[in-house]
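Down below are the structures I want you to see.
Okay, so chain A shows up in both of these, paired with chain B first and chain C after.
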Partner chain A sequence: MSAFRKLLEKSWLVVALVLLWWFASASSTNVFFPPLSVILETLVRDLSSGLLLEYLAFSLTNLGLGLLFAIIIGIGLGLLIGEIRPLRDALDPYVSFARSIPQAALVPLIIGTFGLGPGPKIYTIAFACVFPILLNTIDGVRGIEPTIRRFGKVYRITPARYFRRVVLPGALPQIFAGIRVALPIGITVMVVSELYAANKGVGFYILNSSSTFQMAQTWAGAILVGVVGYFITLIFFRIERLPLRWYFKSGAMAQ
Partner chain B sequence: MSTFTIPVVVPGAKACGLSRRARLTISRLAVLVALAGAWQLLYISTLLPEVAPDLVQIVLALFTVLTTSSFWIAVGQTLFGAFAGWGIAAAVGIVLGVAIGTSGFLSRSVEVVVEFGRAFPMLALMPVVVLVIGVNARMEVLMVFLSCLWPILIQSIAGSRRQDQAVADTVAVFRISPFRKFWKVTIPSAMPLISTGLRISASISILVSIGVGVLSQTPGLGRQITMAQEASRWDLAFAYIIFAGLVGWALNSAIAAAETKALRWNRQEA
Partner chain C sequence: MNTEIIANTTEVRAPATHTAVRVDHVSMAFGEGEQTNRVLADLNLTVDQGEFISIVGPSGVGKTTLLRIFSGLIQPTEGHVYVENERIRQPHPSIGVIFQDYSRSLLPWMTTIDNVAFPLEGRFGKKERRERAEAALESVGLGGQGGKYPWEMSGGMQQRVAIARGLAYEAKILLMDEPFASVDAQTRFSLEDLVSDLQRRLNLTVILVTHDIDEALYLSDRVVVLAGKPASVVTTIDTDFGDHRDQASTKADPRFGEARTRILELLGH
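On to the complex of A and B.
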């Protein structure tokens, strides 16, 4: 199949849907569903005035820091728990319980108590994202071939080296799978934390405009969050391939 | 220098002294005691915010909450919203997904749209939905549906696209009718991926239904937690969160058990 046809096949539906929305809403007088042209105009206006960009930067910084904490804690704890069997056995019920706590349930407690600043939002995002990463790291460590472990033992390499050169690379594909799961959860919690209470951020923009019936702004904010979320996911899929090149090359993927 | 040992598990090996089970129970209880102790230490050292309850208050709240009818009603409302949205999403997602997945052209066409839908945090649309249909159970079900649809759809498309070459050849050689092929080949081979989609979206359904409650005050666990926090009753909020976790955990285990039972044929190894 030619590249052009492939591109056409992939994009026609998107184009059709956008056009459908554009024309179906073009003469809409319904307050809740403003014309798409108005929504996009609002989006461009608020982006170029810098207001929305500032909010977006605030939200994405929270997301990035929360995710960073989650990755550091998740991988660190995951390597230890996965490698040390007694620890794993003892902690197993607590980990599977903590991961079952619906992440949104913590929003009122953390943000209601610690206020509107970025700190509480980052904690909430980190807590929500840590469990997929932790669980996948544990699974990844456990999935390392026993022969490879025994090699490490036979060569008597130091624990630090053993973790860095044997356990971490072996678990890396699973770890990335965990981060991939954590990413949309993080974005959702980011939005929820701002919709709950904030004075800044994309979620605040959405909430504030809807409570003043500026529906075009509400839609613009929602579209922005969606597009940004989509591109973050896409970018992550690209980045993921770099450190895992050896893994994809080895053909271990069942595709 | 190397006191570092790599745990090697020998199947069937009996540990000496206490039985494995007993040691496991003891170690797990020790963790619980350590967690509780750490909390109490933090409480005494006043590092925690003032509203934080001490251990006794949390334990008491756990029992008090269980005896109140508002708790059970809230659990019911949250589960209803989650289940209704999840069920509709399952029906729509599987039917649409299998229809799309059996056509190569359609599945290539919807790829971008479906990926976008999955990456889209549907709760961002909630303010609009609230204004259009109001704060009620219907809105909650709609939000859960919108969030649960995508994982099920994606897994159903992927599942019905996947086909073993040998199986496809066999179908061609035996000239099996398309209808029969659909029910006997496509659907069973799609089942493992579909059930993964169902499991992923089941946990999303609880997350969204509580999230909607937290944000819009629809009746349910999310609202109870918000109200407890606003009344500075951290002990109650803690109890609600712990039970919300238990509900999620029970749901996950139930689905995992059902999955193992339904898909036993697919689990030759392990």
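On to the complex of A and C.
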């Protein structure tokens, strides 16, 4: 009963909105707003034919690899910039400059430079995702208690060990916050990157259908991206609980 | 020939072991030009091995700065610092620091025993580290509690963990910066007695910075009074309450009251 209630509390709005959409669009003849029933029919058709699944696999692989690069570079560089003062002073203007560039604007440029195939798409996703991770990592490192820094010095913790056992875990809550911000950016850029010079992928599916006036497919693709994004975020929240157990629990204790 | 050399070396080294920490004509200033803030001026102090000294003085006088100079965290503008007769320019392995904000000096992502064992990484294997950490926790009365996280413990317990960390590290000289300032009075008394007991048992040298004159008198062999701007040592007071002290009778000793009055007068009260 209470589990059912919980589910109801969480999902009533979604259900209501879907129903509203369903009935409001039921008799639509507008080519841009096909009935939801038609959209879902298209979605199921293209999923079961395997076409969308193949596209999705292609897109998500790009997203995964792009994110992976962003995480490695963002954390690695962030730890160094955050911890090493001269490096921070030297690189700060460039970081601020680069983060202000609208990433989507660079998509045609990167793809134009690096050509077709998944490579440039992965670079684009990595470039867009690296900034929230980098900036949050730097903040996380800067936020480590000065007393902990002094402890490390007095107890002569070697620099390598200090990075691995003190700076990295200390900055981890912020690093995860950065990845959380990077996720939706990555998903957006994943789609946008396939609007140029692509012959497969979810973004291509959306663009191709809309330019051939298959609006049901456009909507189906958009819904699919939304749903997949939602589940990726959900999975991420589950994953981050594990290494950050101390953080959530100590925060709960402090309250 | 060989024995002669050995004999010679011991002779040279013998007096050396008696001095734990020495600062020699130390001055400290922060900033430059007109902004210069002179904190310490021509300060001299020698602390013997096994001695318990307290540094008292008005707040902002430079007690913590002096402690950081002892610890090798900062370098004095002028003068030299010696630890076990070695001139230091960085933290010395014999020195352990117990910080005032205990909750911020322990690593919240490590369990208590891992916190205590952490500075031993690279020096001992995993098993030995744990054994040493457990022994240290035992000696501060936290045996068997190593599995807890620091934030699951009370303030007093966390400060015990910080002390255990210094002991496991085999610090011979403990520098304590207002270590009991943020715990309640009861906890404070039991921590004072713990430190006093450990100091005697392990023959540690302790340098305690405190604003609490009673605490300084109760614990130390010698109380160093800092005053002035820039500050220097205005006087040192030997306490002679013996090795067996307790919170009630020692503090009721008339000599205790006299010493307290003297220090208060020196500090302009």
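Simple rule for what comes next: the second predicted complex is superposed on the first by the 244 of 255 C-alpha atoms of A that agree within 3 Å, B and C clash if a C-alpha of one lies under 4 Å from a C-alpha of the other, contacts with A are read in each partner's own complex, and residues count from 1 in each chain.
In this section, a residue touches a chain if its C-beta (ideal position, glycine included) is under 8 Å from a C-beta of that chain, and two chains touch if they have at least 3 such contacts.
In this text, all values refer to a predicted model and were calculated from it rather than measured experimentally.
By the touch criterion stated above, A:Trp246 is placed in contact with chain C alone, chain B being left untouched.
When the two structures are aligned on the shared chain, A:Gly170 is found in touch with chain C, with no touch to chain B.
When both complexes are overlaid on chain A, the residue A:Ile148 reaches chain C alone and has no touch with chain B. Legend: residue contacts after superposition of the two complexes on their common chain; A:Arg156 is shown touching both chain B and chain C. Shared-chain residue A:Asp89: touches chain B; no touch with chain C. Residue contacts after overlaying the shared chain place A:Leu51 against neither chain B nor chain C. Counting the residues of chain A touched by each of chain B and chain C gives the higher count for B. In the superposition on chain A, A:Val15 makes contact with neither chain B nor chain C. According to the touch criterion, the shared surface of chain A, contacted by chain B in one complex and chain C in the other, consists of residues 150, 153, 156, 158. Note for the complex: chain B touches chain A at residues 1-2, 4, 6-9, 24, 27-28, 30-32, 35, 49, 51, 105, 108-113, 115-116, 118-121, 123-128, 130-132, 203, 206-208, 210-211, 214-215, 221-222, 225-226, 229-230, 234, 237, 240-242, 244-249, 252.
Chain A contributes residues 145, 147-148, 150-151, 153-158, 161, 165-166, 169-170, 172, 246-247, 249-250, 253-254 to its touches with chain C in the complex.
If you check the complex, the residues on chain A that touch chain B are 6, 9-14, 17, 32, 83-86, 89-94, 96-98, 100-109, 112-114, 146, 149-150, 152-153, 156, 158-159, 162, 184, 187-188, 190-192, 195-196, 202-203, 206-207, 210-211, 213, 215, 218-219, 221-222, 225-226, 229-230, 232-233. Contact residues on chain C toward chain A in their complex (touch as defined above): 71-73, 90-91, 93, 95-97, 99, 101, 104-105, 107-109, 118-119, 121-122, 149, 151-152, 165, 169.
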